[in-house]
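Just dropping this structure here.
Each chain carries a letter (A, B, C, D, E and F) given by its place in the written order, and its residues are counted from 1.
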Amino acid sequence: MDEERDRRARFERGMAVLREIDGEEARRVLDTLADVSPELAHQIVAWGFGEIYARPRLPPRDRQLVTLGMLTALGGCEPQLQVHVGVCLNVGLTPAEIVEALLHAAPYCGVPRALNATLVAKRVFAERGLLPVVDAGRAE
Amino acid sequence: MDEERDRRARFERGMAVLREIDGEEARRVLDTLADVSPELAHQIVAWGFGEIYARPRLPPRDRQLVTLGMLTALGGCEPQLQVHVGVCLNVGLTPAEIVEALLHAAPYCGVPRALNATLVAKRVFAERGLLPVVDAGRAE
Amino acid sequence: MDEERDRRARFERGMAVLREIDGEEARRVLDTLADVSPELAHQIVAWGFGEIYARPRLPPRDRQLVTLGMLTALGGCEPQLQVHVGVCLNVGLTPAEIVEALLHAAPYCGVPRALNATLVAKRVFAERGLLPVVDAGRAE
Amino acid sequence: MDEERDRRARFERGMAVLREIDGEEARRVLDTLADVSPELAHQIVAWGFGEIYARPRLPPRDRQLVTLGMLTALGGCEPQLQVHVGVCLNVGLTPAEIVEALLHAAPYCGVPRALNATLVAKRVFAERGLLPVVDAGRAE
Amino acid sequence: MDEERDRRARFERGMAVLREIDGEEARRVLDTLADVSPELAHQIVAWGFGEIYARPRLPPRDRQLVTLGMLTALGGCEPQLQVHVGVCLNVGLTPAEIVEALLHAAPYCGVPRALNATLVAKRVFAERGLLPVVDAGRAE
Amino acid sequence: MDEERDRRARFERGMAVLREIDGEEARRVLDTLADVSPELAHQIVAWGFGEIYARPRLPPRDRQLVTLGMLTALGGCEPQLQVHVGVCLNVGLTPAEIVEALLHAAPYCGVPRALNATLVAKRVFAERGLLPVVDAGRAE
């Protein structure tokens, strides 16, 4: 039916966006929802990516900067930060830019949130062989 | 003394409520407080359950719906969500209703919080042999 | 086109839900978005109400209990609480039940959040001539 | 009955604490609850102040320092900050100490929260004729 | 002395950054701190802008995207959002891009936070004669 | 250069403060930042401790009470709570005082946050052989 085909079309649109910006991380998360809340998985793909993320008015690189800010400020979203730091790298942000964005977070969210987010980024960088981060300042 | 007997009476009232709505989860948490903050444990039982939860004006099922909303929105309260999803099941909410309540959370708290709460619910359902959740929609 | 007609269909579905549960409050808020973010208004109606709220698995009364919990816990969402306390009344929750749900919030979100939410509810009740709240306990 | 008399005893204990630490601000807030949630008012006094605040293990000055931290971090609790900055002054914290505590908050909660809390403190100081704050540093 | 001169140098560096990105809004806020917490004002300028914002690794436009995400997610930071939406416009983000960033926030922070932030942006746009926002979609 | 020497001076000032109040916990955390965000580590030490914490207007014991409140209220900052409960002990707060401060948090942040913070404190006390906490009340 129309509604049926409509759902499938938006889901496909969302999957197309996901395939462009995500390696496998986000899709693995969606799989974990299959036996508990497949509808939430559908909405993440169809609405989150198919309707909102797909909009051309803001490119993925810009969207990911906003997302870094949100997930850092929220706190307790380390699983999502893990996925989205990966997406950041996929859409063209460098490790140094990601690190700088999280440092920029410190005056706004406080050091604890900025620090917790930075340590999540470190894990993602480690997995991708991107440590140490080049051009990331010095401690002293 | 009066104050002493008063404390014991409220504690007993709270334990009575707990025994009705909780299997063992909440009581295990209270035990972990014994050597660090027994007063916090007392207040959770005597005040939280004995004074507030026990009030007849809102039945447990309704209270648990409000609680699902709060613990999802707060974030970082996965341990409490774990206990309370169990209480939800004990007071008559079905897995599908719990999943739907957490899906309902997405427009209000955002997907990260709703997703993290849903994955906690999944763990509780798994422990109780309630997966896959029946009547929970489909992804496409 | 298909996509166009789908958007309109979901928007209509959402407006139908809104008309059932909301007097005028929510629609007034949507109007304020017309000259700044009409797309956000569209998504609130089409997705929030048309896709999620409309789902039969959880009736409006139950959804509103979850929402009371979320908006109280989030803090800073007094404008939304104002709208949703009104929706609570429209879908069959009594003032005493709403007040009890917000009292139930105190052990979970703390007194400040519960108090701020209760004072928003008071304003809505005042507007609808529902003060004093009947069967809401006594202070001493 | 016993339960009745216990409630009154704890309420009285809480009012006694309130009278020691609060001028009129907190009691004015409690009055606003009379026609909507007198039970919440009862619990704030009887439990919040009568059972927890009254405990001798931490004096009011120390409690208020913890409270400054919490209300600043929570955000959206400006009404409560207004009351509690007043309580801080009543229990012996100086304006300069209060200002320093809120400055100390900036690295932990971020500047926005610290700033919003500081501007609430400014309003309370203004009402009490305590501006400018002595010994509060300089901008350059 | 050295420490004195260092403080002044960093303060000047921060004021230089502020003059580039802010019309008058942020500086007006700093003035309100003069009689209560001049040290907080100093740190905002010297540290927030002089040490962090001034770093070349992330340009102002990118920083403001992260900031939009953080202030939206935090909630209760409408005063800061008001200043920073203005800064967004000053550093080259268009009203449509700002609106799109706040729409992008809805799946991550939920609609209430995104909506409250969007209405703050509307106020800033109104003050600058930038309503209606061009190229911002349509409701149906 | 001046700016160089300035950075080093503030870093040294911060390390001096850290050595006074922290055993090894905080410094271990800073080490984990070396290969990802050494600048964040620098700022934590030079600004957080060297510029703010070092100020004489509020002694460490008072600062730690504010910090306990903030980290409890924020939620999701268990790693920082772990470090700072240790700092609390180092600057003269007793386990019973720490436990009481976290109990005091319950009416303001709600039981979940207070409970999660208390269980972090329990871990730190266990590591230092400080369980059971003396003079911490009783459950009944």
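Annotations for the structure displayed:
Following the convention adopted for this analysis, a contact is a pair of C-beta atoms (placed from the backbone, for glycine too) under 8 Å apart; a residue touches a chain by one contact, two chains touch by 3 or more.
Heads up on the chains, UniProt names are A, B, C, D, E, F = Carboxymuconolactone decarboxylase family protein.
Worth saying up front: this structure is predicted, and the values here are computed from it rather than measured.
With contact taken as defined at the outset, chain E and chain F are each touched by A, B, C, D. For chain pairs A-F and A-D, the one joined by more C-beta pairs in contact is A-F.
Rounded to whole angstrom units, the spacing between the C-alpha centres of chain A and chain B is 30. Averaging Cα coordinates per chain places chain A and chain E 23 Å apart.
For chain E, the set of residues that touch two or more other chains comprises 39, 43-44, 47-48, 52, 55, 71, 74-76, 103, 106-113. Taken together, the touching pairs cover every possible pairing of the chains. The part of chain A that touches chain F in the complex is made up of residues 75-76, 99, 102-103, 106, 110-116, 118-119, 121-122, 125, 131-133, 136-140. The residues of chain D lying in touch with chain F in their complex are 44, 47-48, 52-53, 55, 57-58, 62-63, 65-74, 96-97, 100-101, 103-109, 135. For chain B in complex with chain E, the touching residues are 106-113.
Note for the complex: chain E touches chain F at residues 2-3, 6, 9-10, 39, 43, 47, 51-52, 55.
Chain E contributes residues 7-8, 11, 29-30, 32-45, 48, 71, 74-77, 79-80 to its touches with chain D in the complex.
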